[in-house]
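Next up, some structures in structure tokens.
Each of the next two complexes has chain A plus one more chain, namely chain B in the first and chain C in the second.
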Partner chain A sequence: MIDLILTQTLNGLASASSLFLVASGLSIIFGVTRIVNFAHGSLYMLGAYLAWTLVSYLGPADTFGFWGGVLLAALLVGLAGVLIEVLILRRIYQAPELFQLLATFGVVLMLQDLALATWGPEDKLGPRAPGFKSFVILFDNRFPTYELFLIAVGPLVLGLLWFLFQKTRWGTLVRAATQDREMVGALGVNQRLLFTSVFAFGSMLAGLGGALQLPREAVNLHMDLAMISEAFVVVVVGGLGSVTGAYLAAVLIGILHAFGILIFPKITLVLVFLVMAVVLVVKPYGLMGRAPVGHARGHGPAEPLLLPADRLTKLAGLLALALLALTPIFAPDYLLSTLTELIIFALFAASLHFMMGPGGMASFGHAAYFGLGAYGAALAVKWLGAPMEPALVFAPFLAGIAGVVFGWFCVRLSGVYLAMLTLAFAQIAWATAFQWVELTGGDNGILGVWPSAWASSKTAYFYLTLGVCAVSIVALRLTIFSPLGYGLRAARDNPLRAEAIGLDVMRIQWVAFIVAAFAAGIAGALFAFSKGSVFPTYMAIPRSVDALLMVLLGGVQTVSGPIIGAFAYAGLSEQLMKATMYWRFGLGLSIVLLVILFPRGLVGGSLLLVERWCRRPEAAATARLAAEGGR
Partner chain B sequence: MSVVLQQSRAPAMAGDPVLVVRDLAKSFGGVRAVDGVSFSVEAGTMLALIGPNGAGKTTCFNMLNGQLRPDKGEVLLGGRPITGMKPRAVWRMGVGRTFQITATFTSMTVRENVQMALISHAGEIWSPFGRARDRHKAAADALLAQVGMVEQAERACGVLAYGDLKRVELAVALANQPKLLLMDEPTAGMAPRERIELMALTAEIAAAKGIAVLFTEHDMDVVFTHSDSVIVLDRGLLIAHGTAEEVRRDPNVRAVYLGSGATSGGH
Partner chain C sequence: MTIDRRSFLGVASMAAIAAPSLVRAQGAGPIKVGEINSYTAQPAFLKPYRQGWELALEQINAAGGVMGRKIETIFRDDGGKPEDAVRHAGDLVNAEKVDLLSGGFLSNVGLAIADFAKQNKKLYVASEPLSDAVVWANGNRYTFRLRPSTYMQAAMLVEEAAKLPAKKWALVAPNYEYGQSGVRWFKELLKKAKPDVEFVAEQFPALGRIDAGATVQALEASKPDAIFNVTFGADLSNFVRQGNTRGLFEGRSVVSMLTGEPEYLDPLGAEAPVGWIVTGYPHADIQTPEHVKFRDAYKAKYNDYPRLGSVVGFDTMNSIAAALAKAGSTDTEKLVDALEGLKFPSAFGSAEYRAIDHQSTLGAYVGKTAVKDGKGTMVDWTYRDGAKYLPDDAEVKKLRPAG
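Up next is the complex of A and B:
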């Protein structure tokens, strides 16, 4: 028994090292640039692929060939980091943090297709490391020496980082910039160089983490998102900006995985989630993290005035609705299916906007609730034999309950911390659907989720969707202008003032979180019946990002934005998918360009233009103020 | 809760102590920021809390409004303990407050800011339907009229002049018909003339409604013109308590606070 515990501990420590390398890079970059680099998992993947190529080229059996290849791969990833920083990030340091996150997600998509184009879809098996091919006998178990080497890498890099940050000028500057960027700039430090070097260094760490995995696991195209969500968990648990915290958390998560697989193979991710939950309840900013300074007030730009729709906007909305209601008369079936989906996505986007716009809580895992709605419907059909109508009613409650649980934790945080936590929760929901094969069918999903007879024609289901979504969207809109919605905005605008007039900020945000989850669940359930099946991908990260893109494309400060954004985005991605097999690259590039060119979204940007040129000078002043604050 | 609300609506008689602070103390890592401070404020009067930088004014203030939990001591509002309550609970007991840096909701109009406080006061915050803009409109305008901001009710709070923002904040702070008004550096960042106007307005409202006002202030002109009494903190200790004139003459105060003989214009 004891020997088993010891070997599993060693296994855990070995897997912690790469996790630590990636998470510490993420943490250091965030500390200085305040950018959460979504692409950090992609840099890790890039490191693994490059190491595979270089090691095969330089000679996998040769000591120099292998280790030279690994180090060269790490350096090349550092160089890729320089490129990303200079070409993209440098232009958006002043943009709202959400847009920065999105831009780095654009990079994720681009790197995914670059890897696919360069290395193909098959997994790549790496060689074993020269000098570390044997086993040692530990506690009567054979233990690979390479694992022992990896165990040593973690503390070694931690020590190296400590030395770098405490004893070198560059390290001192990095620490200073982490505490107070403006001050470091005012002291005459070349910020551009500092930012670029920090980003390159963090990228190199991620690349090294990936390259070192070569003898352990096959290199594949899913490494990026698998790693980034784990790294987010590590960073949230350890405390954003703390390297020591990242190490502690990586060890904790690594060991937890090792034992979880042994004891509860089905729910390892749930275990991770439970530990994260406990840590966050006790220490909201992680084991070694500190509450961000000046987070609570006077932080963001002044939010622009939000007014209810004027008569013209209402008329336009009614007109659009009437137009949609008339389409079945002339549209063919395939177009109706597409429109049905678009309308569902509009509700999905509106539900995210509800918590993101008036609520100020950006969710990077909103697909969890969409997916839970879909699964709720499918499970009711499969296991309870329910017809469509009760399944549609039941499904949103499953999403809503998840909102109750996940939201309780999320509203304790704010900003990027909250976004990371929502992502981690979504990954847990996804993993549950993926791993719990008996209930959910795993990767094969659940098939045969069809509408009742009366709604089985494309036209009937289109009307059902249109009706349910229109009512839900209008209800969300009404709520935004109700006392509850005003309270939500008050909590976003100025939490201190909100508390000082008796508002329970956390509880209001919690309720908004639940409402948003519930509405997303409605959209998910409708989607399940329109497709006839559900799959774990419904809750995967890309679906969450879809929703974010729709909201941001439309502009987060406007109420009509998400609807227009949903149509624009879904249209764009469908055209891209038709046009090229590398549509991810195209989409990623569009996201990056969008963020650089339209930092306020389509509707937000055009509203600004309209107000600037036509309206009262005061409205223009408000808009300008908001725009300047937002830059 | 309704009992509490009704109590807060009943105007207190002048002379009753609305706020009683007994032996309040707070330490930060061994530093005694506030060390056994006791005082009280009567209805309809203005008490100024002054002291040099680092004297413990802000710490003291934050223990009264619920942002900090005291290590020791007691805070009584109208005879009921509010020690260690959260800010929103303190507000429900009948305490309004303004912030050193004005805190308003920038995505709302001036009137909506006041309506927000009135909605909260009426306990309607959880209502998910019905337009918030249409609620308590008249009451909001009445409050805005008191502070002279009713003409600007439709403007966005994000574009107001600083002095006007302070007035809006005052109206918001009055929305729950408080027994006690806490004002942290109410005139910081204002022009001298605006300072006098704002404090005169506050004094007038306080006297008319029987509200006790406790404010911290750096501007000695404001302190000596608008306070009924003054307390002086130095290094966490209360070193003087009296009328403005008494405090001005107090040798201790002169020594630690006003320095070598300067008696006014200390900004």
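Up next is the complex of A and C:
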């Protein structure tokens, strides 16, 4: 038994190393540039693929060929990082918080298709490392020498990073920028160079992490997304910007995996997220993280003031609604079902926007409430034999109750920590749906969730969806301009002042969280009946990312943004998916271009343009101030 | 709903993009098949699949098509998401006016399309999804399935596993429906064939996320006599490499599902395991006339050898053409009647869609893995006719409530 424990500990340490390399790069990049680099997993994958090619070319059996290939691959990935930073990210540093995430997600999509086109669909099993091909006997078990090598790499890189950050000027600048970016700029440091070099360095670490996996894992097209969520967990558990924390967290996660396999072989995936939830509840800034100095939202420009719609806007809204209501007269069935889906997504995006825009609480796990709404409806139909109408009423409450419980924990945090806790809860909800096969049917889902007879025609269901969603979206909008909404915005803009004038910030945010969850639940329930079936994918990470993209694309700080964003994003991906097999590249490229052209989102950007055109002196001044980051 | 001027423009342009394509007259033009698959999510299997499909399509159309009409395929990518597959199904049926649907790789995608088919009374020929539920628990009148199911593959392997002296078995399978039911059937059937076996360890790594070193160690710790594996793809490669280095497979028998398929055996190269009992496809060695003809045509068209996916794509298209020819119509009800009991030519010889549960009797090759010229291959293989590895009719009726 003791042998097994020791061996599993070593196994855990070995898998921790690559995780640490990737996570430390991610952490450094975030620390300095405040970019949540979603493409970091893709850079890791790129490192592995490049290493595979280079090592095969330089000679896998040769010591120099192999290690030279690995290092060269890491350098090339660093270069790719420079390209991404200079071509894309540099243009949007001034955009609102998290907006850069959208751009990096575009890069993820593009790199997926580039890798597929370059290296083909088959997995690539790399050669074993020269000098580390065999095993040693440890605790009566055979243990691969390459794993021992990997165990050593972690602390080695940690030591190097420590030296770099403590003993070189560049490292000092990086640390300074992590603490206070504006101050570093004010002191005359060349920020552009610093940002580019940091991004390149972080990318290189990810590339190295990928390249070192070559003798250990088959290189495949799913490595990127498999790595990125785990790397995020490590960064957050360790504490943002803390390299030592990242190492501790990587070791914790690695060992947890190794032992989780022995004790709970079925829940290894969610175990990681359970641990993250516990850590964040107990230590809100991660194991080694510190509360941010000064104002948490100190970067980016001031948020423009939200105003209730003027008469013209209201008229346009009514007109659009009327137009939508008239579509069944001329539109064929398939267009109606696509529109039904888009309207549902508009509500889903609007619900996320409610907590993210006015509430200032970005969620990486909003699909949980969408999915719970869908499951609420499906379970009511399957287990209670309920017809559609009561199921639709019941479903959002399941999502709302989850919002009550999860929200209570989440509102105690802020920023990326809050976002990651929502992700953890979403993963726990997903795992429940996935594993509780008796209740939910597991990944085979629940089938036969079709609407009642009167709503089964496409037209009838379209009207049902349009009615419910329009009412819900208007209700959300009215709430934004109600006392609750004003309180929420006060809490977002300055929690201290809000507290001082007697607002219970946490309570307000909690209520907003629940409202958002409830509204997402409505969308989910409608979605379930439009599809006829419910699957765990409804609450998986990609759907949460979809919602986030819709809101960001439309513009976080506008009220109608999420609706436009939902139509633009879902419509675009639907059309591209039909048109080409390389739709991911097309979608990624469109996202990147939109991000560069409309750094405040589609609606935010258009509003800014309109205000400039109208040359209203006051508005123009506000807009200019906003654009220049005045606060 | 509050929509301002910009959003109005957005909606208007959306509507313009999605404007209905020209509705074609029915009956005269080509017969249309709507093929939905996870092309971008599972390219290793589905690229050869599509090539096999297009080869069959080309041959059928070159011979004049069916009923004097050419067959046309509209391919759609579901990205591995059942909800997108359902959207495509709706779009294909309503907008493209396809005559039938086909495809599906993941089990849940197959089940979602099957349920859509049942609701909309449209024929669905499931090519790849292995879940037993597609034809049994959730089976319906409008759904047929080509490939041997999880149950059938497990039954073929159990036959061999029962001959082994091994008593203590360890199991490893990806943690989703395919892996879980593979393990369930293997345990149930092996216990029936050989009541004194015991199962000492079970590992369920997440699909595509195996922690191979730790998994191998956990299996090793249970000291089994034999191992049953259901992992495939990258998980399999990582499992094999760690298992080889750590000596997990030494002195133990391994029985493994799908491992003999070139899709999963080829990436392993010279490190392919030796002596594993597997289901698979020894493409280079099958010399039956049907297969030689298929292989030669495939090589001539693509300058590459066929994978199992190619066979599945090829056979699915051919079985659809056979059904159309027999029905003499594209009417769904007539097609369903034609498919029940339809005998069709396949690259593995003749097979039949059973009337009782709509499962085809297409079989699989069972043999042992070996390494030849630095590549994994199968030796001592035999073809197992799928018809012999299904439960008896009374049992099937119990498993399939739809009748």
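Worth a mention:
The rule is short, and it goes like this: the second predicted complex is superposed on the first by the 538 of 631 C-alpha atoms of A that agree within 3 Å, B and C clash if a C-alpha of one lies under 4 Å from a C-alpha of the other, contacts with A are read in each partner's own complex, and residues count from 1 in each chain.
Rule of thumb we're sticking to: a residue touches a chain if its C-beta (ideal position, glycine included) is under 8 Å from a C-beta of that chain, and two chains touch if they have at least 3 such contacts.
Since the structure is predicted, the reported quantities are computational estimates derived from the model, not experimental observations.
If you put the two complexes together on chain A, you find that chain B and chain C both fit without a clash. More residues of chain A lie in touch with C than with the remaining chain of the pair chain B and chain C.
Using the contact criterion defined above for the overlaid structures, shared-chain residue A:Phe481 touches chain B, although it does not reach chain C. In the superposition on chain A, A:Leu262 makes contact with chain C only, not with chain B. After the superposition on chain A, the angle chain B-chain A-chain C between C-alpha centres rounds to 160°, nearest 10. When the shared chain is aligned, chain B comes close enough to touch A:Ile501, but chain C does not. Residue contacts after overlaying the shared chain place A:Asp493 against chain B, while chain C stays out of touching range. Fitting both structures onto chain A leaves chain B and chain C with a minimum C-alpha separation of 16 Å. Taken together, the two complexes place no residue of chain A in contact with both chain B and chain C.
Within the complex formed with chain A, the residues of chain B that make contact are 65, 86-88, 91-92, 97, 99, 101, 103-109, 112, 115-117, 119-121, 124-133, 135, 155-156, 158-159, 172, 175-176.
Contacts from chain A toward chain C in the complex involve residues 4, 7-8, 11-12, 14-15, 113, 116, 121-125, 134-135, 141-144, 147, 216-218, 220-222, 226, 257-258, 261-262, 265-266, 268-269, 309, 312-314, 316-317, 319-321, 323-324, 327, 331-335, 337-338, 341-342, 346, 434, 437, 442-445, 447-448, 450, 458, 469-470, 473-474, 477, 527, 531-533, 535, 537-538, 542, 559-560, 563-564, 567-568, 571, 574-575, 577-578, 581, 583-584, 602-603, 606-607. Across the complex, chain A is touched by residues 1-8, 10-12, 14-15, 17-18, 20, 39-40, 43-44, 46-47, 75-77, 79, 81-84, 86-87, 90-91, 94-95, 107-108, 111-112, 115-116, 119, 131, 133, 138, 175-177, 180, 202-206, 208-209, 211-215, 217-218, 220-221, 233-234, 237-238, 241-242, 245-247, 263, 266-269, 271 of chain C. In the complex of the two chains, the chain A residues touching chain B come out as 297-298, 302-306, 308, 478-479, 481-487, 489-490, 492-494, 496-504, 508, 511, 515, 618, 621-622, 625-626.
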